[in-house]
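Letters A, B, C and D name the chains as they come in the text, with residue numbers starting at 1 for each one.
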Amino acid sequence: MTNSSLAAPDATLVERLATANRILYNEGVVDGFGHVSVRHDRSAGHFLLARNMAPALVTPADILTFDLDGTPIDAGDRRVYLERFIHGEIYRVRPDVVAVVHSHSPNVIPFAVTKTPLRPVYHMSGFLGEGTAHFEIRDVAGNSDLLIRNSALGRALATALGVRSAVLMRGHGSTVVGTSLEQVVYRAIYAEMNARLQTQATALGAVTYLNAEEAALAAATNDTQLARVWELWQRKVER
Amino acid sequence: MTNSSLAAPDATLVERLATANRILYNEGVVDGFGHVSVRHDRSAGHFLLARNMAPALVTPADILTFDLDGTPIDAGDRRVYLERFIHGEIYRVRPDVVAVVHSHSPNVIPFAVTKTPLRPVYHMSGFLGEGTAHFEIRDVAGNSDLLIRNSALGRALATALGVRSAVLMRGHGSTVVGTSLEQVVYRAIYAEMNARLQTQATALGAVTYLNAEEAALAAATNDTQLARVWELWQRKVER
Amino acid sequence: MTNSSLAAPDATLVERLATANRILYNEGVVDGFGHVSVRHDRSAGHFLLARNMAPALVTPADILTFDLDGTPIDAGDRRVYLERFIHGEIYRVRPDVVAVVHSHSPNVIPFAVTKTPLRPVYHMSGFLGEGTAHFEIRDVAGNSDLLIRNSALGRALATALGVRSAVLMRGHGSTVVGTSLEQVVYRAIYAEMNARLQTQATALGAVTYLNAEEAALAAATNDTQLARVWELWQRKVER
Amino acid sequence: MTNSSLAAPDATLVERLATANRILYNEGVVDGFGHVSVRHDRSAGHFLLARNMAPALVTPADILTFDLDGTPIDAGDRRVYLERFIHGEIYRVRPDVVAVVHSHSPNVIPFAVTKTPLRPVYHMSGFLGEGTAHFEIRDVAGNSDLLIRNSALGRALATALGVRSAVLMRGHGSTVVGTSLEQVVYRAIYAEMNARLQTQATALGAVTYLNAEEAALAAATNDTQLARVWELWQRKVER
């Protein structure tokens, strides 16, 4: 499929992606930085992502299409995110992934910089399974500005992520993946909440985390309840 | 009393229950998940609970009636909460209980997952008495999704609760009970606040908790002041 | 002066007291509970305090007049606060005090229950001088509901306060005094902030507190800047 | 250049400075206290700063012009900030500095009072380089009200700052400098966020901070993204 023949994405998907941007801001996952993408519904080799701007302000008109190399199809003279390679390279190696959130979600950072994995403290974060992956950019790029600013760094990050649902990035933030836009937004929000709870619990005493089977069962159940919270989050950003 | 002959609940009670849902969201006890119920005012063998939805959005039209087995009387094709059994089984064994809140109230979770009881740090949480009960679902169900998804698990939880006012559920959240809707909302809000204060106090030094007699006396006094805070909480959600 | 001949308080003072109630709620010092009073501007033997209600909802029409024994002059059938004796007994023994705040300000509670004095971490809380007083109601009343519900308990609290500007009450909260309504509101807000900062600083390392001379000098300077913050706080509650 | 011949500052700059005041309040850097200045665009020997008032309420009409000695040119009978000398003396010795923020930003205070430098935990705070400077006013002024209330104290603070971007002031707060208004607002906001994250990370385990080269590279990249966040912050205060 050449770019010129690429079908337009579903308008509802574009709208949901814009909404996802505002939800992630409203729920404290992203601030002026961070981004969320979704795989193109008509081409597995493309994904949708806002132009370079604060997520809280994104509208459907700001959504661009990229190929997996991170090249924008329809950006014109609009600036694009430096770290779009996070998205493309994960979509390339993880066919199961339909949506990706990259953020500096504050409660997660302390885990990333102390190389402490997030582990599920409660059923809401069953998707964390037996823990998060860790990415140390120094091992790949030496001293850098810590950004995933090209395909090689994107590939290295995707490799670190492996089959997990989240990777913590030292000195930077985290990236969470999901099988739908609603699911990845849920995961980004509850990764942040789990980080906060895990920090507090660790200070209180010895924590009993969900074991692998509990985590998998809880994650499966939660996936049946996504519409409920999405409705709430959407209403809040529409106010 | 057969279901067909069950009298309709008092309209004011239904309205107060809808308000309680929104208050619990507004005060940070529930997020997109969690629920509050009240015993039917015309039948001790039934209780009122919203359909499966985010508490913040509940209106009187969303309130359903259940029997103590958790079977909905009037749900039609509306989805119900997976964990309605928490409510029914507690109402069954605790005739004194008129209202129940189940939540993932964030400051309480670290206590639940470290098996640390909440204890009353100040008079506002005298209802915590000499501490909270603890429920470990693994002891009953082995590995599970941690939800109270049937009557047997509900019974086990009710047994763990015993005569106390709150039970902490490992890997999950907590359940608080009361003798009125106003009281259980008060208890859920101040259980969360007590958890936050207990966490901070524990880090500072040796804590002098309320003893059993102080706790009982303070709880009795607070019960005379519920109208004052309910008025405030109600006004806030009506804005 | 007999009650029948007591002049009405200045209308502006009554309005400022109502505003002070709403400010203290808005800035997180009081929730549904807590109260602020001011000494009557025409009689040193009386003080003004809202009827029993949530501070956030207080308007000038809710302000009552009490004598120092805590007897309301003009309450009619309106309920009064159980703990009005805090105010009367402090006004009795501290002629310098013009306004009193009693609250369960959350960051202060952990200090009260671990018998840790608040000490000034920065110039904004110079009024904390060399530390706060401590009050253990068990020493006076044995086991109780922890409330200051009569004159004898009020006197004991006032004695514990001594010449300081704040007293921490075990299992309960704190009481702050000042020489004006604006000053006591400032002190209540910055006592709460100092508690938060002191908690965090203590976890980080050895704290250098203000010494006695620094504290006195800083407090004197801050008193010249009260109009600035009062204007801000007032505007916020008027929105 | 004599004051009488001093050209008026650019109207847009004055407006941006008023906006900066409101942004810093809205983002939690300043409360009723704290201030932000910018160097005069027509005279390196002057700077712009609001009259003595709460930053949240500043409008363009409240902006005054000062010379580097802290003498206001156009204040008339309006009160000026006691600590304007912070700004003048830094502008004098740091020709690269175009804007200065002084605040009591809450998460930073615990670092200032325990003599713990802030260090960059993530790329967003690369401007912190290898750490913050520390200022102990007792070494210069003995016991004082801790304020920078004259040129001599301003000079001592500027000396402590040296070539760094931020100086922590024991018992007081912090001062951050930048090469533009947008940059200094960014730095003040992310110094506060870095402090929060560093506190949490330190409690979790051994932190890997950005090294000097990473910090410099990250800071350079972030400077290219300032317009994005300024747009967001501005929109929020305009609502």
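As a convention for this text, contacts are C-beta pairs under 8 Å (C-beta built on N, C-alpha and C of every residue); 3 or more make two chains touch, one makes a residue touch a chain.
Owing to the predicted nature of the structure, the values given are computational and were not obtained by experimental measurement.
Each step here moves to a touching chain, and the least such steps from chain A to chain D number 1.
In summary, the pair chain A and chain B forms a contact in which the copies contribute largely different residue numbers, shared numbers making up under half of all those used. The angle needed to superpose chain B on chain C by their Cα atoms is 90 degrees, rounded to the nearest 5. For the pair chain C and chain D, the distance between C-alpha centroids works out to 33 Å.
Between the CA-based centres of chain B and chain D the separation comes to 47 Å, rounded to the whole angstrom. Taken residue by residue, chain D touches two or more other chains at 203, whereas all remaining positions touch fewer.
Taken chain by chain, the contacts form a single closed ring in which each chain touches exactly two others. A list of each chain pair in contact follows: A-B, A-D, B-C, C-D. Every residue of chain D that touches chain C in the complex is listed here, in rising order: 31-33, 52-54, 56-57, 82, 104, 106-107, 109-116, 143-147, 170-173, 199, 202-203.
Interface residues of chain B, counted against chain C in their complex, comprise 120-124, 126, 193, 196-197, 200-201, 203-211, 213-214, 217-218, 220-221, 225, 228-229, 231-233, 235.
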